[in-house]
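The same chain A turns up in both complexes below, where it pairs with chain B and then with chain C.
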Partner chain A sequence: MSDVTQVPEARVLPAPRSAASTIRYWPWFAALLISAVLPWLFYDWQHARHAGFVVSVLSQTGMMIIFALSFNMLMGQAGLLSFCHSVLFGLAGYSTVHFLNAAGAGELPVPMELVPLLAGLAGLGFAIVFGYVATKQRSTAFAMITLGIVQLVTTAATMFHHFFGGEGGIQTDRMIGRSLFGLEYAHSIEVYYLIVAWMMIAAIGMYFHTNTPLGRMANACRDNHERAQFVGYDPRMVRFVQFALSGFYAGIAGGLFAITYEIVTFDAVAAPLAANALLMAYIGGATTFFGPVLGAILITLMQSGVSLMSNSWLVYVGVLFIAMVTFAPAGLTGIVLEHAPIARAGLLRRLVLPYARGLLPGLIVLLGFVGMVELLSFLTIGQAQGKRFVLFGSTIDVHGVMPWLISLVFLVGGGVWLRREAIAFKRVWDGLTDIARQGDAPMGESG
Partner chain B sequence: MQVGLISLLDGLVYGMLLFMLASGLTLILSMMGVLNFAHASIYMLGAYFAYQIDQWVGFWPALVIAPVLCGAIGAAIEVWGLRRVHHNGHIAELLFTFGLVFIIGRGVQMTWGMLPMPYRVPASLDFPLFTLYGENFPAYRGFMLLVSAGMLLATWLLLKKTRIGLIIQASLTHPGMVSALGHDVPLVFTTVFAGGSFLAGLAGVIAGNYLTTESAMADAMGPIVFVVVIFGGLGSLAGCFIASILMGMVQTFSVVIDYSFADVVKPLGVTIASNDLLGEILTIPVSRIGPLVPYALLILILVLRPRGLMGTRET
Partner chain C sequence: MTAPGLSLVEVTKNFGQTEIIRGVNLNVAAGERHALIGPNGAGKTTLFNLISGRFAITSGEIRLDTVRLDGLPPHRINRLGLSRSFQITSIFHRLSVLENIRCSLLWSRGYRYSFWHALGRQRALNEETERLLVELNLAERRDVQAGLLSYAEQRALEIGMTIAGGASMILLDEPTAGMSHSETEYAVALIRRVTQGKTLVMVEHDMRVVFDLADTITVLVYGRVIASGPPAEIRANPAVQEAYLGALAA
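Then we have the complex of A and B:
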């Protein structure tokens, strides 16, 4: 059995090596600017207040970005598939609740702005404990141990009342009355800016980590741990330190979670959250640094949007995931990066038509599939909940033949059409990559 | 004492059930390197199929048809799913099965609804087999034991005494050589995957009415089966068997033990107060933390013996 957790051709892009120039760091400034401005785009000027839902989704996105990036320190960078990342997140969250309670009682003189740092240190501590056990192994065995850890901690969290608060979790009040900038943290927008600040700090920290000797050794141990051993490094130590550091960043995310929601329950340590991190990192693209950011934004938005509308959210996630694994193992950023050679050759324009031709059948297949799933779902789950299937203002009879027939025709017919277009697209694509490759080749080669 | 004997039998029944699931998983894992997350989902499918067939034609046909269906699904997953993602590496295969868990889990809810199914023990097996110290031992549990032991024996004979078993065993360790000798290794993989799914489905059929047939049953069983596989050691069926029985015993006995760690040390003159987390852990009776015990054992054995009970290799 070879390296199970190896991402094929995984290359976490190294940070630019040249002198710090403003142009090179424009994505960071752009990210900061966008995250600072975004809540104001939804500001309700008439009532002079922020849109609560938007700020809450943005806050959630911010902490999930940290979480997904820290997860990718293990998966993308070190080739370690961890299912207990939620444990580090959640335990740091629990700790933060205790920190905040202590601070509120005046026992812990820490300003609010530094509480996430404490949470990170808590995450680091827990990561050292669990990492000691888990990083004894690598690849599959590592993944399985982390599965054991997540189950252990989740069950423990529901059982013990000290520290965890049992099934109900523990609560706190974030208005501890101590701040570096005199802020109260009474409004969620203040918490949002705290999250943005820590998100930037954590992301920059993790980005520069990819460039440190340790970050490079993590890549080396991922790609060929035996060879790394021959060179004189201890792969286990590399895994351990990498695990501990990623626990630090996951802890920051967990601390921000506790500050935002003021309650932490066993859900914060449970496996579904770790699975979420995996989805974000993988769908966004584990092979690039910014992939998980994209994935975190996408998944959080979809979760806040689609899961409210549909009972079948998990089916769509599953199908999307399987489709990504099958057709685009490098994630969304991987798809974008594959266009780079063609774009360099200036041939991107020739792809517009094939893409446009695939758009319609793709939409039809999507419509047919969603139709089938929703009909099925409304037949059983929806009925139990007393819901009715309403589309474009008219109720659809899920027991009738017509809706099923239409969905089926859309699914099958669109599928056949899409397949034809896909074959045609592949021909164009292969031709273009050939041309691009010839353009890239050295001049003397052909002669 | 009477509690002990009945619990022993119950533990054995549960342990054999675990082994039916874990043996397939460990074979798939050690041969193909695929950590099959969907294994417990197929077990759940087995139970739901059995319920449906039970409604239509009866329990005995269901006992045969449902596992065969599960085996066919397993083969389909291998041929049309895993083989396609194989060139993307093992992580892709693992993640593929991970996606299947979502789809099967929600698909089952969408087809049969959220409520537990009224899948019952067949009337012909619904009588007490014998009475021990005034407590009945249901005939159905005896039947479960019989089926799982029979399946175990059949699998063992197949692996050890037949030519197919020989090829499977060889493919486990030297797939390249087996392929060079002219055997169709991908076909062997498909067979093993289908066989594992068959066993998982059978476990679902006989456990669905003993436990409960509901959409949470995969999530309840999955982690325990993983614990069994890694506890027993990767690539070892014997270790897997011992671990299954052990976990079965642990799960049933921990429900009836009403002592805590504090009670054990009390005769020594040590009293422990339960006013912090450590105190709570030490004073809580074992019966209340039963679900925790397998995972605690797993962590313990990994610290002491990283390759598991009888594991032959590190990873």
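Then we have the complex of A and C:
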């Protein structure tokens, strides 16, 4: 056995990837470019003004990207499910309103561009306080403590009027008259670019964090907190620092929220916002860094787009969430990444037909489901609002039997068909994965 | 760094009413290879858990050289230079093999809770990681998720993570459990190589491994040390033969 006990020749270290490093940065440049250009695609040249709705949706998306990424510093990277992430966001938002009011009154000589940094520091401060309590525990106990914190702070927000302003919240005026670039921030487009700038800073900061000793040990503690202790780390301290830093970034998002809307109410600290972060991170994919970005974009679009079209948009978000947790726990980016081994083996083409076959039944199920939900919605809320169900130009009688019957047939029939296609798909998928895995196998097993 | 010695004085451990460790006295001299043997349920792994701080002792004293270990949390004990492996493989299963080793190096290299160093730029750290990967024969598998390694590879990684931090007192809990004959031979050679100049305490069931590696053997039966000495002496000890080796031969 002397051949296996010998230390193999020191293998040549891979050459520094200078070519790869320029490639590595392109997603960042692309993101910056897209963010900068997007509002101009909807610019109204005739009246020489920006589309207010679009700018508002984009601004909301930008701050939610920061928020979702900072949430995932806890959930995806450290295995900590926090329900009080909204507290860090909201309290930083409240603080920002006070900063802006002080700045407006000339008591705080800070340019607008640095206000989000102050908000981040406020978030950091609150995260240190709450994190000290919450990170004493991990997993379920941690989640319970954060649930307690969010309820506590939400209640406090309606009780202590000096800081929170009660039910109505507190307002501010973002035109503090101090800027590094001489900007007034009178228009929402100026605020949008402030958001883009801070979104890039925060995202790069958080990405850098994933490749630091602490960021890596957060992953390690997530995987096996006990082992972390036996390589010299105190998992509690890892959780605490990670929590505090995620609070810093959540604070930046909260500050941008306050600057954008010039009002902060208790909704900004309440649990539904934390649940939103969970949805974004999960649907986008918590196992990758960029997953939450995708989730934030998708959920914000659904919130502002689908909510205009349908009363029941929350139902769709909920069902999407349940479907993702059930069928694709690694989220949308996870689904994409799972194709990687098959793509490497050059077998992706063989998936085209199975996917195509699932498309039609999938669409039918979707139609049936949306039909049922909308019929129900128009029968109840819609009727109260005096709305009519209009589809392809013709009004649908929600009291008639046919629409219900058709939706039901679509839903059930499509479901049965989709299930059959899904089984066939899985067979093909498993076969391809097996082939791909054999290609990936090591040349020789050790020992 | 000189290898430290370990001493246990009248260590006891109760779980509820049950006494598991019943007054163990044990001395491990600096630099020696010490095997801890005994029948199932003798308390070998429990003793490891006490020494490494995983469980608190009920009474007694544990010292690494002159430093009291009992009462310290595991990470503090580790920072003092005592590192252990686990009987049931304990690794960071979603991280790559390379990251597993690198994580095991971080504290001893002084990075603490740093969130300002870029891991990719830490030259000395990364070179040491690569060196260990080669030494463990895992260089080819460096980018594989640790959870996907074969069993024998995971055991090698486990040993690697235990020694990576440069601890001078190494505790290995059944490092060859569940291995085939050739895998065991490979593991023994690996252990011998990576624990050079260190003090080694190991729990082991495979008697060939014990007599092959150990300078001193301690026999634990029902939470008590019944004998401790060089292999030849242990082999000849009638009490040991009756309690343990004899049972195996029968």
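Criterion: the second predicted complex is superposed on the first by the 421 of 447 C-alpha atoms of A that agree within 3 Å, B and C clash if a C-alpha of one lies under 4 Å from a C-alpha of the other, contacts with A are read in each partner's own complex, and residues count from 1 in each chain.
One rule holds in what follows: contacts are C-beta pairs under 8 Å (C-beta built on N, C-alpha and C of every residue); 3 or more make two chains touch, one makes a residue touch a chain.
From a predicted model like this one, the values you see are computed outputs, not experimental measurements.
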item	value
First (chain B), second (chain C), both or neither touched by A:D223	second
Chain B versus chain C as contact partner of A:N211, first or second or both or neither	second
Contacts of A:V231 with chain B and chain C, given as first, second, both or neither	second
Contacts of A:F163 with chain B and chain C, given as first, second, both or neither	first
Chain A: partner with more touched residues, chain B or chain C	B
Contacts of A:S312 with chain B and chain C, given as first, second, both or neither	first
Touched partner set for A:F321, first chain B, second chain C, both or neither	first
Which of chain B and chain C A:V241 touches, first, second, both or neither	second
Touching both chain C and chain B, counted on chain A across the two superposed complexes	1, 4-5, 7-8
Chain A residues within the chain B interface of the complex	1-8, 81, 133, 136-145, 147-149, 151-152, 155-156, 159-164, 275, 278, 282, 312, 314-315, 317-319, 321-322, 325-326, 329, 373, 376-377, 379-381, 384
Interfacial residue positions of chain A with respect to chain C in the complex	1, 4-5, 7-8, 10-11, 13, 208-209, 211-217, 219-220, 222-224, 226-234, 237-238, 241, 245, 442-443, 445-447
Contact footprint of chain A on chain C as seen in their complex	52, 54, 73-75, 78-79, 83-84, 86, 90-95, 99, 102-104, 106-108, 111-120, 130-131, 134-135, 137-141, 150, 152-153, 156, 161-162, 164-165, 179-180, 182-183, 185-187, 189-190, 193
Chain B to chain A touching residues, read off their complex	29-30, 33, 35, 81, 84-85, 88-92, 94-96, 98-103, 105-107, 109-115, 223, 226-227, 229-230, 234, 275-277, 279-281, 284, 288-289, 291-292, 295-296, 298-299, 302-303, 306, 314-315
